[in-house]
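Note that the chains are named A, B and C in the order they appear, and that numbering of residues resets to 1 at the start of each chain.
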């Protein structure tokens, strides 16, 4: 899920005047400048590692959910908190070098509602605490006694939601025990997920309150230099199959047209199998015009080693995140060798 | 045919280079005037925009503590955690070695939109750097912050991240105010009572009034456009008139009319571009010369962040070129139509246009009546600023079109009244010259009317505003304290010293759905004597003190069509209406007792102090209670400050006045020079009959002065009408309040003298040329020989 | 009335001065009419302009009605034109901004010798009494020249200088206009010096003088005085 570092680093440039994308990449490709680097063999310490790691440049708490109301209508929900550090330390007060950005969205078959929040660290406007778990920015929060049981809230100009989450399975470490490689040359991040949330709550939309239930997937990732200078865009898939298995796969494409892929197969018990570059493949089948761009909203995704050959189709092609750094993120429907639902994120289009 | 045709057309200019020069100069100057005013306007607007984003006078609402104290970080965070989308701003003055810099600290992450740091080349590191004008860099030499010189910033101001500014001002944990993001989430909980959201136009009376200054510049832009258009029209029209002979010859030689017209259009297009380009360059210099004054004015008004640096904005240089092309185009169409209708064979000497000044004057006057009627319709039925400006345009053009008829009638009357043969000839001849001069005279009329109008507006503005300050800020000192407790201590102390303390208490309310403030006023001679009441019931102050009703401001009265005697939504009877310049919100004043009864929780923290020794008292209060900044304001200083702002406005206005008149003077010069050749057949017989050339030249100057004088007399009522429209229509449409109009006869006389001077200067050179015309040139008129 | 004595006139236009009149001498008596003939460029008009004080002489003297005008300042020659001399040119004699009536009266009023009856008589005589309120541009060329004659004579000048006054008119009109001029001049006691191309018209004058290349032809200077 390499999408996010780009976003999270770029957002510090927003108020400086919308830095060019290329500039953002140049920043990402640079050296670590005193920031810590992920090490293979790191042993996670929970719940402490649910909290922030200011010595790393970027970090996020990223929740997506596939929901249905009583009539069976499908919805998607997103709640994301990004941390970006100008220096590898945290200082209390206005001088803090830690910056926070958050996105929330609700996607319906016909609509897409987006909100953004920004904050600086050090003053308490935004932050994350490991135990009891609390991640917040302004009036948005994701909090509970532990990561297994959470209350979720966000609001925008035309929507808000309140959700309850309960984890029905274990945490899943991606890559090599949570060390997730992002390029052939070895750039990497720490990456784990909680893909087994049950979620229920109320969406408040312009048409009224809607009670919904479904499942949610949380990603946790932190790193300092995860992208290569030539890597230009990415497509990230999270799939929850009807049989209870789950699949995470991403493709990083570079300027030469080459791609680096990785995937994690998660069985119903939470057992994870990581797949190296090339095992997972995704190719666009059709595009839609969204916000003046051509966005692939119908994909073919394959993981032959697990017999996966599915089409992935956006629930609503218009799930454009018109935020400071725009990208596409929305719920998808999965058909083919496996059926199910999931989330798709695309950046760099 | 094209080549020789073009050569024939061009040869005219080669032989008469000064005619070409005047044509180009006329076009260029008209463009320059328009362009210069536009440039200043665009710059002022951009600066205003920039300033308003940061400062209280802007488009965004501001949030403050009701008690006037600073906001703490925790309070800010707690508002944010409620969901309120607000962004902190810290302001303060930083003084080193007698030099003061106004510091503005912002929080870029939560700023509603990108502000200040407009440069996309910025990197992350820039955020922590303080942006200051290069001249101010030295002030920060010994301070441990990263400072970056930025020529785009105004001297005396610094913009930076709030943490940096907190550090420089040694004000950790302090926030002056919060900018309220126009985008707020749904389900927002109500604002805690200790905060108050101020309207878009901010809290500063002075700042609110500045928009009028802006309007003043806009009006000047419009007027200079009209003046310029007339000059261009005149210059192009005369360029055609001068070459009638050439056209006729070319046509007689078989050049198709179409081709001739295309050639002329091309030629004029080239001239318009060349002259327009020159004009833009000249306009840039005009603007650059005037901008420091404008910038100083605006900086004074907004307190900060106006750059005196002129940028080449496409908006104004394109409009300058457009003006040159459009003006030339309009003029060329009229001239080309004339050309198309010109009989191929006509024995008429290229006489100075038509004999029938009255006939053409009547026709124009007809058009003028239509325009004026449209203006009346617009003033009755029209609404909004556009209607106001349209009314202005109709009035100006209508009056300008009336001028030829007015002049013709005046000259005819003068001719009838005069006895001597020379005098009769003088008037008759003046009338005959009218068609040739009317464009230039219309330009002069507009220039002078514009000057009278704008001068009246600015002067009325100053008089009103200083008068208003006298009335509204009648106390010598104003005290703004943080807490009622503090207030109790200080007020007791002041009372013991015999200082009259007038509490100023207010609450925010909504009246008829719009924000308004309700004030409680203590019954005091200070108010009875000074308050600017416009209309009222009898014994208004006694009845107010008795709690029988309320006073409301003009804005509220106008907006809701309220009059003394009507009932307010608050249940109060309206006792009177007072003027409240610059305020955009409604205001209601009730007696102090009624206020305390209605809002018992309100305790005064804001006071006016009456004292004979404001300087001594202020110094004492500052020393004893540590009052700084806005906590204690000396009314005299405030007045002196606003007066200095007006002085700068005046210097800009007078400079523009002078420029407009010079351009109009040039228009007269162009017309007279052009007419000079055409007038020889009119003057030669008189010369032959026994008048010396000097005598004739003297009469020519006298004629120009007479025409300018009559035009000037006509311009005075027009200028006053213009001022009235600006003050009573445009200002009301723009801001909701009317400025009373004052007359300044001495200023008009001075302007009249300047107008005559312009006409005199314009007439002198052609007259000298006439006086020196060799006799054989005059004699050539009479014979076909040679 | 008019005495011209060894008059010469040079123009400096190019590198070389051009001598337009050389040693011209003749005299005219009061009330006398004299035709000045010659080819184009012979200096006829120049001579007339010099006599009218409209141009400066280069050598010799001109005495008009006892006044030597040779070195008079501008305002004195202007006064001479107002009070003593009448001028009629080939075209554009009239002041376009004034009516026919005002044009006729103009010179007389300027000289302070306005006699409304005499002016009315002249207007009647030249047959323009119906056009008195019109402006010059509204009447024909012949009518304009007749107005010019009436205007010149209305001031009762001692000397009328006419420079091809009928040059732009057809023969019949020219004859008529000239007749009017001669008749009226006789009544006013005015001497006429007229430049003309036309032998027919010259023949109607009392005397004829021919200029050739700036010199008086045929008749010796002295003989011209008779």
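Assume contacts are C-beta pairs under 8 Å (C-beta built on N, C-alpha and C of every residue); 3 or more make two chains touch, one makes a residue touch a chain.
A quick note: this is a predicted structure, and the numbers were derived from the prediction, not measured.
**Q** If I average the CA coordinates per chain, which chain comes out farthest from chain C?
**A** A
**Q** When the mean CA coordinate of each chain is compared with the mean CA coordinate of the whole protein, which chain is closest?
**A** Checking distances from each chain centre to the full centroid gives B.
**Q** At what distance in angstrom does the C-alpha mean of chain C lie from that of chain A?
**A** Spacing between the chain centres: roughly 109 Å.
**Q** How many angstrom lie between the CA centroids of chain A and chain B, rounded to a whole number?
**A** Computed from C-alpha means, the inter-chain centre distance equals 54 Å.
**Q** Roughly how far is chain B from chain C, going centre to centre by Cα mean, in whole Å?
**A** 63
**Q** Would you mind writing out the residues of chain A in touch with chain B in their complex?
**A** So the residues of chain A in touch with chain B come to 12-20, 86, 93-95, 99-100, 115, 118-120, 123-125, 136, 138-139, 155-160, 204.
**Q** Mind listing the chain C positions that touch chain B in their complex?
**A** 40, 45, 49, 52, 54-55, 74-75, 78-83, 87, 89-98, 102, 105-107, 109-111, 114, 135, 137, 163-164, 167-168
**Q** Would you mind writing out the residues of chain B in touch with chain A in their complex?
**A** Going through chain B, the ones touching chain A are 73-74, 76-77, 80-83, 85, 107-111, 114, 117-120, 122-124, 126-127, 161-163, 166-167, 172, 183-187.
**Q** Could you please specify the touching residues of chain B with respect to chain C in the complex?
**A** The contact residues of chain B facing chain C are 348-349, 351, 355, 420-422, 424-425, 428-429, 431-432, 681-682, 684-686, 688-695, 775-776, 778-779, 781-785.
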